[in-house]
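Shared between the two complexes below is subunit A, which has subunit B as its partner in the first and subunit C in the second.
Up next, the complex of A and B:
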């Protein structure tokens, strides 16, 4: 009877362990299958074509060029490898400007033929229209529609997933934004974190330590949206005034908020490591006539350096993955940051902000999953780093 | 004049009266052993000699401890300088997580010595003095943790000797070591006595008999008997001493 019960309990644990592992693997698998879908998408919106005049030699345009053309930033065909001449971008909405309502017909039934004729007689035109609309016998050429390339995503410098006719999925600004904010956050958090750890572990009396440690650990429990709110109300206006910025929402604001959020982790781990430095080690140093400070920086810190490093890397991990607070204070401009005082945007903030407006299954939606994968690999690398550092200290 | 003079010392850890009216004098270049059962106060007294007990909160001391006639608990006393004069070797080998060379050089460096040549010379000299040079001369850059326990303890002795102290305190220096390493440490103590005054706390009575000139026997915070080691071990005055050294308690 007892044996049976034990077997039952054991099998329940086995099953729950298995189930958890499977669920986690499924989530990762889901992330990858959704994210990989982006590479099957074409550069031009589905159902649409980019039609040009037959005489135009240009048959290939990159998504960046297409966007620039329709934003009127590119105005001459010579700039994209064609014969010199003005580019005339045409969208379906522009039909009203070229043709009267009577010509188009009450239900736009003549629009296809009219646009085809317009393309045939305008050498500089590039028309963004539904492919089905154009008559099959029209004497026109098309810009080649190919799948989005690897380098357009991973080396692309523009993130503009809602652009038509050709969305841009360059993740470079988001990755640099994330790393930029995290780097500065650690830059701020490191000296304070180490300072507080040294104080708590080496200088504060046992009573102060018992009092302060829970307070610092409490900081870990504050929801990140509260930090974000604090940042928005206090830090953002402060930065705006101090640096005379047009907007206070900036990478710096994000870094400061993240630094505050990473501090408890850094302090807790580093302080633990320093506190675990054996008393024998300190006494050996003091017995040789070293002062307290010499003992701290020549013995205690070198002894606990791997613990300190783990704390810092864990803090970075927190900063890299943080979403809400960063979303609230960084200004969310998806541009490659040149200064920490400019608005920027991180990967998690992008996912959180855009998932709601991205239709499920579309390219935009899949690109957000791809961002998730990138974030997954960044944090994986960080965790492996922690593992490597702490296993090095154990040996 | 005695090298160290302990006069009417009482010491408390909080409410616990750890040392009661202890007085004794230690001559220069003598080896003095403190023996007694656990908790008798012998380590406490040893750690008072380089003010190591300052690190423990809520302690109190009355009486005087004089080093070369100077009260080391005087307000004017520079504790870091005192600890340079009074070196210490601990119960367990406690090398720093640094190279062998850096361990020995540590005391010199924290005392502001920058001269590389002098440091290298001094490191070799003290490692030779600790009978460790031949074993480590080819791996001075290796981590001190790579050494055996006995070697580590001799390294710690070298480290303490590098700053040229005039007194060396040893807190059961061989209790964590095997018999062969212990024999080497004892031999080293006999060598070092030519340079420094040595105070050694030990549980091992044979060790006390082998290495020391004088022995003090402590019991329950009091110094029961103090005298020439020969006499203490052959003809003690007090019955408690007799009982302890013959192994009737302790």
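Up next, the complex of A and C:
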């Protein structure tokens, strides 16, 4: 009977372990299948074409050029390799301005014909219209559509996921923003974290330790949006005054908030590692005449270095993946950061802010999953780092 | 080792859940049960813009308390979703925070549906700066240049020598889209713009940043911010207020619409008429929107 029960418990544990692994694999698979779909998307919105006048020699435009044209930043065809002449961008929404309701007909049955004629008689036009609307016999030419290329995403420097006719999915600003803010976060958190854990494990009395540990662990229990709001209301104005910045929302504000959030992880893991340093080693060191400080940095820290490193790397992991706090204090400007005092945008903040409204299955939605994959690899690399460090110590 | 991976997984599951609007879900489920309970097959379905959702829910509660026999189901989802549902006949009224797009009109025309448009309320956007900013007014083209990053210092528009810090909303917001269409004429914001996740964050940031400029719904104006007078023609500058937005002199105003199938007019008309009544328009004003003026 007892044996049966034991077997049952063992099988329950096996099944639950198996289920967890399968769910994790399924989520990862889902992430990859959704994210990879981005490369099948075309640069121009689906169902639409960019039509130009037949006399126009330009047949290829990059997404950046298309955006610049429709933003009126590029105004001459010579700038994109055509004959000199003004560019006239036309959107379907402009149809009301060019034609009267009477011309368009009660059910807009004449719209396609009218727009085709407009394209035929305007040499500089580039029209963004649904492909099936234009009559097949119209004498017009089209800008070639192609799928979004690998380099446009991974080397693209502009993130405009909702721009029409051609959204831009350059993830460079987001990846650099994430790494930049995490790097500075760990730069701030490392000395404080090590300092506090040395104090707790070596210097503080048992009573102080019993009191301080729960307080620091309490930091873990605060919702990240509270940290974010604290950052926005306290840290942001403070930085603005101290550094005389035009804008306080910056990478620095983000890294300070993240450093505070990473501290409990670093302290808990590093302090545990130091605490596990055998009493015999400490006493041997003291017996040889070393002072307490010499014991700490010559014996305790070297002994527990792998534990300290694991704590720091886990702290980085927390900083890289943090969403809400960063969303509120970094300003979310999608530019490649050149200094820590400028606003920047991170991957988790982008996913959190945009996924809710991105139409499911569209290019924007898939690009956010692709960002999830990038974040996954960053975190994976960090976790492998922890693994490597802790296995090194064991051997 | 697995902690990091699990965290990511949990985060995505959470995001997935967040996509379902809980309030509207509960409301619609409750309405479904109610209509089953009363066996009312005549329930009107209203779907669309999240801007209009709270207003329409309040109005429908008032309407139902006056007409106990009627049935109304109000759900959100966004303006585009509402219009798509109207085309597929899964809703009777579509709420939108923007006018129907030409492309959408074409689709209705293709399927042979004739749709009616009713403006039920309006919403004004105020352009705000830090209270210490001496600038009082800007034209639309100046605003366009500022939000597109062509003007980067206040001295270029007659203010002090101080860099302009431009706050915007996230791309998912309807306010972001409307401001882009109305003030930027469909062009894109500059890439270095600061995007805030909520109106509250815009207010907080603009009120603590001396060089800041941003835009918020009129209902959110507080004394911590200074609204600017805006001119679209370069001559007449108007301050945002419920009055100036009502009489049409303030330009950054968007009408909020109901769309319905003309063939269904008889069944939807009682509620639409109620929404346009004086009593309902008073609720519109209480909710911080601008009432529709009757001609």
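As a working rule, the second predicted complex is superposed on the first by the 364 of 395 C-alpha atoms of A that agree within 3 Å, B and C clash if a C-alpha of one lies under 4 Å from a C-alpha of the other, contacts with A are read in each partner's own complex, and residues count from 1 in each chain.
Note that in this section a contact is a pair of C-beta atoms (placed from the backbone, for glycine too) under 8 Å apart; a residue touches a chain by one contact, two chains touch by 3 or more.
Predicted, not measured: the structure shown is a model, and the values here were computed from it.
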item	value
Which superposed partner A:376 touches (first subunit B, second subunit C, both, neither)	second
Partner chain(s) touched by A:75 [first = subunit B, second = subunit C, both, neither]	neither
First, second, both or neither for A:278, with subunit B first and subunit C second	first
Subunit B versus subunit C as contact partner of A:212, first or second or both or neither	neither
Subunit B versus subunit C as contact partner of A:303, first or second or both or neither	first
Touching partner for A:340 - first (subunit B), second (subunit C), both, neither	neither
First, second, both or neither for A:288, with subunit B first and subunit C second	first
Partner chain(s) touched by A:161 [first = subunit B, second = subunit C, both, neither]	second
In the superposition, subunit B vs subunit C on subunit A residues touched	C
Complex contacts: residues of subunit A adjacent to subunit B	205-206, 278, 280-281, 283-291, 294, 298-299, 302-303
Partner subunit A, residues of subunit B touching it in the complex	50, 52, 55, 57, 80-84, 87-88, 90, 92, 94-98, 106-107, 109-111, 156, 159-160, 163
Touching residues (chain side subunit A, partner subunit C) in the complex	23-24, 27-28, 31, 67, 70-72, 91-93, 95-96, 107-109, 111, 130, 133, 158-163, 173, 232-233, 236-237, 240, 246-249, 314, 317, 321, 323, 327-328, 331-335, 343, 345, 348, 351-358, 372, 375-376, 379-380, 382-383, 386-387
Footprint of subunit A on subunit C - complex, ascending	1-9, 11-13, 15, 18-19, 78, 101-103, 105-106, 109-110, 112, 148, 162-163, 165, 170-173, 186-188, 191-197, 201, 204-205, 208-212
